[in-house]
Amino acid sequence: MHRDVLLDVIGLHGGYGGKPVLQGVDFRVREGEIAAVIGRNGVGKSTLMRTLIGLLPTARGSINLRGRPLDAISAHKRARHGIGYVPQGRDVFPRMTVVENLLVGESIAGRSIPGRLEEVFGYFPILRERADQRAGTMSGGQQQQLAIGRVLMGDPSVILLDEPSEGIQPNIVQDIARIMVELNRKTGVTVIFVEQNIDMIRAMAQRCYVMDKGRIVAELDRDALSDRARIRQYLSV
Amino acid sequence: MEFLYAIFSFLYQFGDAFAFLVLSACGLAVIFGMMGVINLAHGEFILCGAYVSTSVAHMGLPLPVAIAAGSLAAGIAGMIVELVVIRPLYKRPLDTIVATWGISMIVTQGTLIVLGTTMAGSGTPLGSFVVGDYSYSTYRVVLMGMALATLAALWLMFTKTRFGILARATIQVPHVAEALGVNTNLVYSLTFGLGAALAGLAGGLYAPTMTLVPTMGAAFMVEAFVTVVVGGADIFLGTAPAAVVLGLIKATLTSWQGQLAGQIGMLIAVIIVIRILPRGISGKILKERA
Amino acid sequence: MLDSSRRASILRLVEGPQTMGRGPGFWTGFGLVLLGAIAYPFFADSYDVGNNVYFFNWLFMAMGLSLIWGYGGALSFGQTAFFGVAGYSYGVLTINLGDAYGLTLLSLVLAVGISALFAAILGYFLFFGRISGVFLGIVTLSVTLVLERFMAQTAGPQWAIGAARLNGFNGMGAMPSLTIPWFGGDITLYPDVALYYVTLALLVVVYLGLRILVNSRFGNVIVAIRENPMRAEMLGYDIRKYQLATFVIGSALAGLSGVLYTSWGNYITPASMGMTAASLPIVWVAVGGRTDLTTTMIGTLAVLVIFQSLTIHGSQYALIVMGALLVITVLVAPKGIVIALVDLFRRRRSRQEGGA
Amino acid sequence: QDAEPIKLGVLEDQSGDFALATIGKVHGIELAVSEINAAGGIAGRPIEMVTYDTQSDNTRYQEFMRRALQRDKVDVVFAGFSSASREAYRPIVNQFDGLAFYNNQYEGGVCDANMIVTGAVPEQQFSTLLPYMMETYGPNVYTIAADYNFGQISAEWVRNIVAENGGEMVGEEFIPLGVSQFSQTIQNIQAAKPDFVVTLLVGTAQSSYYEQAGAANVDLPMASSVNVGQGYEHKRFTAPSLKDMYATVNYVEEIDTPESQAFVERFRAMFPDEPYINQEAENSYAAVYLYKEMVERADGSTELEDVRATLADGTLCYDAPEGEMCIDPKSQHASHTIYLAHVTEDHSIEFPKKWDAIQPYWLGDIGCDLTQEDPSAQYTPSSNPSN
Amino acid sequence: MAILETRQLNKRFGGLHVTGNVDFALQPGEMHCLIGPNGAGKSTFFKLILGEHLSDSGQILYDGADITRAKPFERIRRGISVKFQVPGIFRELSTRQNLTIALQHHVSPQVLSEEIDRLLEFLKLADDRDKQAGNLSHGQKQWLEIGMAVALKPQLLLLDEPTAGMTPDETYATGAMLQDLNRAGMTVLAVEHDMAFVRQIAHQVTVLHLGKIFAQGTIDEIVADERVAAIYLGESDA
């Protein structure tokens, strides 16, 4: 299968103020692919995600989306290019209701998509049940579902997920993986996700990048991903 | 009949205190209550609204137009201040105390130097009416109506419009709102501008009834801050009941024991209310409701 | 001579992660500044000496606020309440007790004690009621404004305590200055050299004492409460007691400022508890960098000196320049002006060294 | 010749809440100084002004009074608008044994050898005003007054004089400084049905009363010792909110004697933008000339004792724009020509009455005699050596 | 006697009954896991035990004493310690200072420094000792908080999702550490969604569902329970 390169990251350096974290990240993700990023705590996975969406500046190197460099444009404009970002630690809007949280996600598309709210409620029934609850009082796992539902509201063509399984009960982890795969099949959405949960990686990923000390140090393809032990080994590089 | 007159007079006094608290507080409720910016220059936005609306009125334009112009001018001034001074400070809101204190000094003294020590008033319109033994200013009834209308408009705007939702999202978790496609800089600018415009509105509305001097904003500050804080984190749930409670206490004590009692009584009420509701009135409402 | 391990253990008391100034370099600088301060009266005229005492007077309140707000995270907008209570107490006590036999010193101690007691009662009400954040700020502001408005209307002759007329908005005057009993006649501490040294000594003692406090276990706990009160409580600390203790100490220092101010000018006014007066300490402390005692002290002194000289030389533009300075400071020096200058200096030096 | 200048310290509120009423005082001093210097100075010495902006902040008075006396070593200092500021600096003047002029109308009673007062005092303003008002409008009086010493002591004067003249206080209300909302006060006044209202309002916030009372159509005559003459409310608020306000002033710019109009002309020539030349501006102007007269009579000495000695015979006078002002040796206060200023419906001023050479007699009557001893005290009707 | 016992513990938020008549007992020396669907009330149950929320009715006993109304710090002083679900650290203080504040209670100043170094080493935070804790990565914050909780040397350690965001190896190491501590006498109650971890450490497992105790037993019993699979585990291969 030959698909176009969607996201091309070349020699990416970045981090926080004076302190570099990313030290030359190279990888490419094709249109319609589901790619995982794995690695130990503190190697820079979340930093990579934040740099991709534009919450952190590119210090050197470049990020290209469908051939266009993103580095100079601000986060909200990147989102408007159809990138949906689910941060680690959920970061829901605590004093807004569940529905209001979802509505904010529409900004990715810049418009309200008819029927989409119902679709999201279909994926995550708890959100319908708690539509008027303040998001900050939801349980951890409920918030995670909300955070995922929120980006789906904006019909993104690329989804960045930072540890989506964190705090989620096992059967819903499976559901989320299934939803992502299904969405990917139906709409061709590209998914890049950071994960530690081997089951989820195996259930979702078509390709997997291994990160260490601010660099991509290995790439696992479909075959390699069928091997649990191998993933586990890479997770603890 | 006497009894009805007495009731009317009490309602009028309460409404008067309520309107002053609400109109003083609304702009601050947006800028401080929502955005977390401790705006010690709130009074100077009020000053801006008052001066501009009075100048426009002196040009012969009708008062409503003049008031709108004052509010607009304050709003634009607010957006400029936001861009230049406030924007770098969202991550350290406490520093806005110093910055806005500085702005307040600059504006107050700048006004004195440029426009002199005072500006002639434009006069209170609409005359007076008599109920029982007392005659009342009609315009102050308009102020009460404006206070209610402002509260309603704000509530609708922030809970029912898309802008309102995005504004609240931006203020609660800015980086996530940004990452979800919200132009947070624009939202900040508009929100701060709105708060300033509301302050300007208060200035425009009260200008015909007050002395116009560069320090006039100070007259609104204490009332504005205590109302917003007693209201608590959720300004839409909090500001109105806070103004009711404080207005009632102030009006009752003032009529019973005079202005000093009204002032001190209101401040003591603030202390007691916060002691009973350590997260303000809206904190209490939210807890019950959640 | 101190042997080196003794010296190290003394240093450990006054140094630590909670204070920026550290190491021999800092203490050498401290010593030099102190020597300069001690020598100052020999080179300055008596107006300047007295005027400097006036500046020193405020530093106690600033350091107290740094402790409460910078270290403890509780923004008290009403330190002036304690300033005023202590100032008026000193006035009432000395007018009634007189200034013989060192009774003014007793009055000083009592007045500071009264303000501490007041802080303890208010603090109990606040912290045991779990009031925090802006709510704390507004309650403390309300308290100081209530005091201001109350005192402002005590003009009538019925408002007197013993021989002391409270005297309303005009303020209370004619209380004796501090005196030190001495052989062959008391030394009256007018704003002059003797008072300068007494105030300077107090300043050094309070500064070092606070450094010891913030670098102690107690200091660790109060900064922990600032960062995350729930976590601090979940480590087993009764955070209310720590907050209360911090508040009382900081407020007693505001009280000390109040007494010194009152004695300095033989005058205390309700305006010193009003809105403007209440905001000033916050501005001073924030400008210097509230999370450190040294920067607070330097910043406060700088603001006081600059504001006064602007007022003297800046005519009607003084307030505009002051305002602009504040805005610019906040924008270019996020951690306070002192820390920004230190950083700048360090960067310069490292660049020079790198280049060499 | 390089004669050593006479240093004149000036501490006035050029910014903050009181600036409205006090910038003109500084200008009045500047005008007098330029005139005197142009005419050869005081006893051949030029006057040099050392001016500080006290920012309507009592603390600043303390800082700068010390500075003026101790550092600048001024020969005399003109200082203060509010009585509170005067009381803030007075101990310092005493401590350094300086000489200060307080050029402001006030509640009276300061018996202090280091102070000379050119402002008008209650016996000059109220003993004239209140009998006239009661005769014209009736005996029932309601006082609203700023809630501090000035207002309270002035109100005490009003109370006493009303009683002495057979009138009745139907209400008395004290307004904290900074209050700007008066709906309840207006209603209280209407409830009491007075024949006229005495307004002793201080500061710009309180002057909002007039607009609000006008809007509510209170329509009662008013009387004041401070308003109009200081804050020119009739110029700042729209007619007819100050209709039938009567104020006893020793000066306002509308006084149309030739002396007054010449003064206004000279003033406006130097300060074309001056919004209003109020009574304290004239007091300040006259004070410079009074001081000049004192120094010259003391043969050019500026020593406190020499200067004060020139007052002893009670002939130290100056032909001020208002008329003759003389310093009373016992109290060191000035005598004044008092004008009854009446604000008409269109806010123009007419002067239905004028009293010449009203003496500041009260301090002397109760036993203040600065030629004999210096208590450095402030007395009130209810608290003074005679009772 | 149970070290921790709740009797008929109830908590509502508005109309929502979050904890319903929970009778729960934990034996000294036990390693116990609490599992259950998102929103089951696990974190709320912890907060009730700790006093962050006060229960509407029911009783909480610790070591035989009634602590239902006790202040949070009093409960900690009795020997309970906690790691929250959302990391609770002192963000602007260094990693080192965070640990100092936890340790200074009961460690003498002489050995404090060594003790901190040991702990930093163990938490793999030695390189980040002077970093502001707020700038640690998500996983590092979790480690730090576990470190602070353990530093109190509690009798009873409560852990709310201690291994969320950890790699499988790190999860395993955490489990091993807890087992060491348990052998030294510490009782552990952990909320987890990671069944491998639960299997590794738990003597007993309690399933909470809709605020009620739904099932209890060993991990094998729980995994075999089809009702638990239906509401929680799904097609697990744990």
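All chains are identified by letter, namely A, B, C, D and E, in their written order; residue positions are counted from 1 within each chain.
We adopt the following convention: a contact is a pair of C-beta atoms (placed from the backbone, for glycine too) under 8 Å apart; a residue touches a chain by one contact, two chains touch by 3 or more.
Predicted, not measured: the structure shown is a model, and the values here were computed from it.
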**Study point:** Contacts common to chain C and chain D (chain labels)
**Key:** B
Practice item. Count how many hops through touching chains it takes, at the least, to reach chain C starting from chain A. Key: 2
Exercise for review: Please name the chain that ends up farthest from chain A once chain centres are defined by their CA atoms averaged.
Suggested key: D
Exercise for review: Indicate the whole-number Å distance between the mean C-alpha point of chain C and the mean C-alpha point of chain E.
Suggested key: 43
**Study point:** Computed distance of Cα centres, chain D from chain A, in Å
**Key:** 75
Review point. Hey, how far is the Cα centre of chain B from the one of chain E, in Å?
Key: 47
Practice item. Mind pulling the residue numbers of chain C that touch at least two other chains? Key: 149, 153, 316, 319
**Study point:** Touching two or more other chains - residues of chain D
**Key:** 15, 147, 174, 176
Review point. Touching two or more other chains, which residues of chain A qualify?
Key: 137
**Study point:** For the chain A and chain B complex, residues of the former touching the latter
**Key:** 53-55, 74-76, 79-80, 84-85, 87, 91-96, 100-101, 103-105, 107-110, 133-134, 137, 150-151, 154
Revision key, fill the gap. As the complex stands, chain E meets chain A at residues 13, 36-40, 42-43, 85-86, 124, 128, 135-140, 143, 161, 164-170, 193-195, 229, 231-238
Point to revise | List of chain C residues in touch with chain E within their complex | key: 17, 217, 220-221, 223-224, 227-228, 230-239
Practice item. Under the touch definition given earlier, write down the residues of chain C that touch chain D in their complex. Key: 45-48, 50-51, 54, 149, 152-153, 155-157, 167-171, 173-174, 190-191, 265-267, 269, 271-272, 276-277, 308, 311-312, 315-316, 318-319
Study note, to complete from the structure: chain E partner, complex, touching residues on chain A are 16, 38, 40-42, 46, 88-89, 126, 137-142, 144-145, 163, 166-175, 196-199, 232, 235-236
